[in-house]
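Multiple structures are listed underneath, in structure tokens.
The same chain A turns up in both complexes below, where it pairs with chain B and then with chain C.
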Partner chain A sequence: MSALTQTRVAAPVTFWKAFVRRPEFITLSLIVIFCVVVGIISPSFLSIKTVTDTLRASLTTGIFALGVLLVLAAGGIDVSFTAIAIFSLYATTRLTLAVYPDAPYLLMVVVGLGMGLLMGLLNGYLVYRFKVPSLIVTIGTQYLFSGFLKAFIGSRHIMDIPKGLDLAGTTALIQATTSGGARVSVSIQVLVLILAIVVTWFILNRTLMGRAVYAVGGSIPIAERLGFNVSTVILFVFGYAGLLAGLGGMLHGALNRQANPSDLVGSELNVIAAVVLGGARITGGTGTVLGTMLGVILIELLTNNLILMGVPSTWQKVVIGAIILLASAAFARRGKT
Partner chain B sequence: MKKVLLIGAGLIVAAGVTGVLAQKKWTITTVVKITGINWFNRMEEGVKEYAKTSGNNAVQTGPAQADPAQQLQLITDLVAKKPDAIAVVPMDPATLEPIFKTAMARGIKVITHEADNQKNTLYDIEAFDNVAFGANLNKRLEKCMGGEGKWTVFVGSLGSKTHNQWADGGIANAAKNSKMMLVDAKQETSDDADKAYEKAKEILTKYPDIKGFQGSASTDVAGIGRAVEEAGLNDKVCVFGTSLPSIAGKYIETGAVDGIGFWDPKDAGIVMNKVAQMVLEKKAIKDGMNLGIKGYEKVSVTKGPGMGKIIRGSAFVDVDKSNYKNFPF
Partner chain C sequence: MRSLLSDHHLRFLIASLVVILVAAAILSSGQFLDPYNFQSMAVQVPEVGLLAIAIAITMISGNGGIDLSVVSIANLSAIVAGLIVRSSLGGAGQGTLYAIAFVVIALLVGTACGLVNGFLVSKGNFPPILATLGTQFVFVGLSVALSGGPSVSLGETEVFSQIGNGVILGIPIPFVVFILAVLGFSWVLTHSRFGFRLYLLGTNAKAANFTGINNNTIMLFTYTLSGVLASIAGIIIASRASSVKWDYGSSYLLIAILIAVMGGINPSGGWGKMLGVVLASFALQMLSSTLNFLGTSNFLKDFTWGLLLLLSIVLTGTRLSGFVKPKPVRDS
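Right after this comes the complex of A and B.
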């Protein structure tokens, strides 16, 4: 699908027409429409603070979404990544506090990534070894990971997180005071997201594995005939999603400045919605990094500005649901034409 | 002289014997949801204190994991040993109904805590009335705000019964003062400090003149506190809510959070055991009675959902910068 789109771009049509054909166009249009509507309702929305707040909120969701993108593109689904994330964060935090409280953030991230990778690989192994739908497998492992965490590693809320983690969350890349006197800052963690974006884009667009991922997501028999090793691809996408989940978990801990074993789990549908709103099909074979990031921005704008729009708390979920449905209808229409 | 001593010694022994006879040593076992966490460690302090002062054989136990099935197994084993009374903090009241029924049929007195929907219990003990607790938090917020200004209240989820009762108690209190302006009430935070942080930032953007926040989930004040601190508004915005010193302490210290409220599990532990003892001594617990513990000096006794009764204290603990270090949990 992605390859098809690229050939179309190369075809002698105008840039605008080519752009309109891309699924990201719908997502971008929705973002623009949303911003105009909120801007009219509440002028305080149109400020630099909205940009920095949305960026901050997009950090963890963005990292998770990149992992989900790969799994979706390969035709699977993963709902266990939130459990993997909080497991990696909490276990790494406890380990660090017990063994080496002054550990630098980078070392903690490596440990968290390792844990995430192992859990992701377990997902992948279960999916291809037992030929069970990945939804069922990852529902199971979500319970397994978060249950194991609370039963054997700890259920206590950790407020005194290691210094390295705290510092990573509070260090700002850019900091400024607006004319209105409000402080705005962009966390250093934005670099982590940028790195994850670049790596994921490279894998999907510049490597053989990327082609294999889309091929497996498109049709497993065809992928096999093309000579792709399906089990390796499945292991790779779940492993990569686990790795990014571990990274996202560490990021959540740093930004939130605490490790609470009951965080994150339950928010996975938000992330999956973001990826789908970015143009990836739930049935696999499609999806781009740019679209996914736009989907994340759309979801975060949506969930973080409803108070500003004056939507009462009881109605917020209704509005989020309605907009997701509306957006998917737009994608469905595009699919027909 | 020798004879006098002998008689004296005899009298002392006799007095000792009658003393023991007058007060039989009861075996009371407290079963908590999970062992090893700060909250129930604090409760154990209460159980130990009770054992020391009463002379009864009072101990605390609980499953190593927060699992209703494990708690049930533990209580089943305990009932086989037939203690005089059990005082339980149920993980899931419904799971425990059959075993409580069996226990009572075997003559074991059953007391519960934090389970006002438990049917098979003699007395369920609640630290306070939730609406009154919410109102109390709001009174402290109102005072901090100087009795006027915009304020809002967060809940962990709109479906949480206790969170809504606390929020409604607060809203009803503020409604009495026309200068207290409630805005965008009951935002959901999913019991996640980061969600509370994002919602608080949004409220701060929408209402730059907001003066007060009331939190419900224990994580709410931590998230709100961080948003307030980052905005440099520690002195301008008042933050109160249900939380624990171990979670909110960091922000109470900096002044981002002005105060929190909770109940002390140590006192609840003592009260459960005291009530068990009174039941064993066949003393009825009446409405308005003084149980001799702070916050339980004038308890309300109402009919529960089953055959038992609910005892409610007014044991809120108000904590701020001056005293949060006294509560290490």
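Right after this comes the complex of A and C.
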């Protein structure tokens, strides 16, 4: 115990050195380089508005990414979370409109979370019960959920969403007018992301389940010998990813003020890329909340601000691809297996 | 035949094919069995089937192998070939020379793209999912930049359009190409030195290295082959559409992955057969044709595809652990 306290005391001295060695440092450096370059080319980039816009764009991706992080850390992969998210949002919206149109947002979120959790648990159950790679299971469930939603629940785009959802999307936490006259606002939904970050960080770093997640991601036989119940861990990570997917879906609906059953599905690789750019290995056993958030910010900065750099829209994808490759090169050079 | 039925995965695929066929025949009161219907199915399978083979071989190579860039390679090779051929040979009799030039250029571009992927994954030590996601963006971006965005028409091309639309002995040419690719790859995987090494690499890269295999060379070759297969798919797509565009077949990527894993390819590497991929592509195509025939919602297709994949997991999975002692979880 005393040894632990000692390292804590010594920490500030070596903090920077320790941080430079971490994979998050690469992500952070890329963000800083990107901001400096764009800032030089287009000074209007360096404004409060960029910060709030990036934050807004990162909300949904960030929540999805936290779920993906847990699954990746446990050595799995989940490509069904977008289908879960849009399923939760759309089914909840239809249910609310049919049964209780004045339902408060919180109640809707609870319903959405419940649906997400159930779908996530189904993923987890299939993975551990039938011992198949999770990529196979989640491709199957992605088709299943998204197909079920559109074939049986509805394929119509809902524009007039319930009041509760609408209000949750338009309420601002902070609102201000900058000197330039641009109105900036930070949605109340930021609190949801912060809550998700805190809870995920707590699970990964302060609970036995967090240890178990990394252990299972590192090596299943070793985790078993350490006494961890592997099936519980698998069920937990997929259930948690489903829960966050449901939450992200509700958030997506609130921010865009619509429920479109064809939304989101197809964007899962970008989220997975964000998590991997944040330093989590695709092979499992690693990954941090900080890195994941940095990865999300990097991806959102890239996809939303290249136009400011003077990159013609036709060449933007080339630049995004090049930066993804650059970041992967940086990770590959760190000598991982 | 005995070996066919002893593989529980192939058994499941064959059984589901039979069930779908019988159900479709009964529900459509025989109309489904019309040769014309089979011909139209045979036209639709090859494009995504070829991409599924490309993804399958990268999955077999292990190390989290996957090629997310196949669709973008298909479009890029068709666009480059289309633009070059149109500007140099366009108008001056779009005959055999036009077709040959298009095919050769497209294959060269596919090879080059595959080499880039292979280099990144082998020498560069990039995680395949990131490397091919990055190159996917780059290839799509190049396609957009070169073509300017909208589709580029190839005009009236007599010989070239035969590749996608022609028929030999009642069999559509794309299907012939697909079957030839399947036969070729099954031979390569089961009888050639490369195939043997590929499976070994996918099963245990370290062991493969200790037996004196140059893992990087095998990996480079695998991703290059994947690029070549993707460009063949691109040629067929271009020929059928008689135009090229950067976002043709944008839904194909996930379907190709779906076919590969449903065909019994293990995404963790070292396991899977070409026959499984073929049967899976047939099963999915028949399912969607059946639903089409019955006039059901288009979205029911996605649902049944997902259901079929999960069913294959549940049925073949229980067979694995039902009689023998359940194995500890290997992958999650």
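The rule is simple: the second predicted complex is superposed on the first by the 321 of 337 C-alpha atoms of A that agree within 3 Å, B and C clash if a C-alpha of one lies under 4 Å from a C-alpha of the other, contacts with A are read in each partner's own complex, and residues count from 1 in each chain.
Simple rule for what comes next: a contact is a pair of C-beta atoms (placed from the backbone, for glycine too) under 8 Å apart; a residue touches a chain by one contact, two chains touch by 3 or more.
None of these values were measured; they are calculated from a predicted model.
K.L.:
Overlaying on chain A: chain B and chain C, fit or clash?
P.N.:
Overlaying the two complexes on chain A (C-alpha atoms) leaves chain C and chain B clashing.
K.L.:
Which holds for A:305: it touches chain B only (first), chain C only (second), both, or neither?
P.N.:
The first partner, chain B, only.
K.L.:
Look at A:316 in the shared chain and tell me whether it touches chain B only, chain C only, both, or neither; answer first, second, both or neither.
P.N.:
both
K.L.:
With the two complexes superposed on chain A, say which partner A:293 touches: chain B (first), chain C (second), both, or neither.
P.N.:
neither
K.L.:
Using the superposition described at the top, determine whether chain B or chain C touches more residues of chain A.
P.N.:
Of chain B and chain C, more residues of chain A lie in contact with C.
K.L.:
Would you check which partner chain A:151 touches, where first means chain B only, second means chain C only, and both and neither mean what they say?
P.N.:
both
K.L.:
If we overlay the two complexes on their shared chain A, which of chain B and chain C does A:332 touch? Say first, second, both or neither.
P.N.:
second
K.L.:
Look at A:213 in the shared chain and tell me whether it touches chain B only, chain C only, both, or neither; answer first, second, both or neither.
P.N.:
neither
K.L.:
Check whether A:257 is in contact with chain B, with chain C, with both or with neither, and answer first, second, both or neither.
P.N.:
first
K.L.:
Considering only touches as defined above, state whether A:272 meets chain B (first), chain C (second), both or neither.
P.N.:
second
K.L.:
In the superposed model, where does chain B crash into chain C, at 9-17, 45-53, 63-71 or 315-323?
P.N.:
63-71
K.L.:
Using the superposition on chain A as set up above, list the residues of chain A that contact both chain B and chain C.
P.N.:
In the superposed arrangement, which is not itself an observed complex, chain A uses residues 150-151, 155, 266, 314, 316 for both chain B and chain C.
K.L.:
For the complex, which residues does chain B have touching chain A?
P.N.:
Counting only chain B, the residues touching chain A are 34, 37-38, 64-67, 158, 184-188, 190-194, 197-199, 201-203, 205-206, 208, 218-219, 222, 226, 230-232, 246-247, 249-250.
K.L.:
If we count contacts the way the header does, which residues on chain A are in touch with chain C in the complex?
P.N.:
It is residues 74-76, 126-137, 139-152, 155, 216, 220-221, 224, 230-231, 234, 266, 269, 272-273, 276-277, 281-283, 314-322, 324-325, 327-329, 331-332, 336 of chain A that touch chain C.
K.L.:
List the residues on chain A that touch chain B in their complex, please.
P.N.:
Of all residues in chain A, those touching chain B are 42, 44, 47, 49-50, 53, 57, 150-151, 155-157, 159-160, 180, 182-183, 185, 252, 255-258, 260, 262-264, 266-267, 304-305, 307-308, 310, 312-314, 316.
K.L.:
Quick one: in the complex, what on chain C touches chain A?
P.N.:
Those residues of chain C that touch chain A are 64, 68, 120, 124-127, 129-131, 133-142, 144-145, 148-149, 254, 257-258, 261, 266-268, 296-297, 299-307, 309-310, 313-314, 317-318, 320-321, 326-332.
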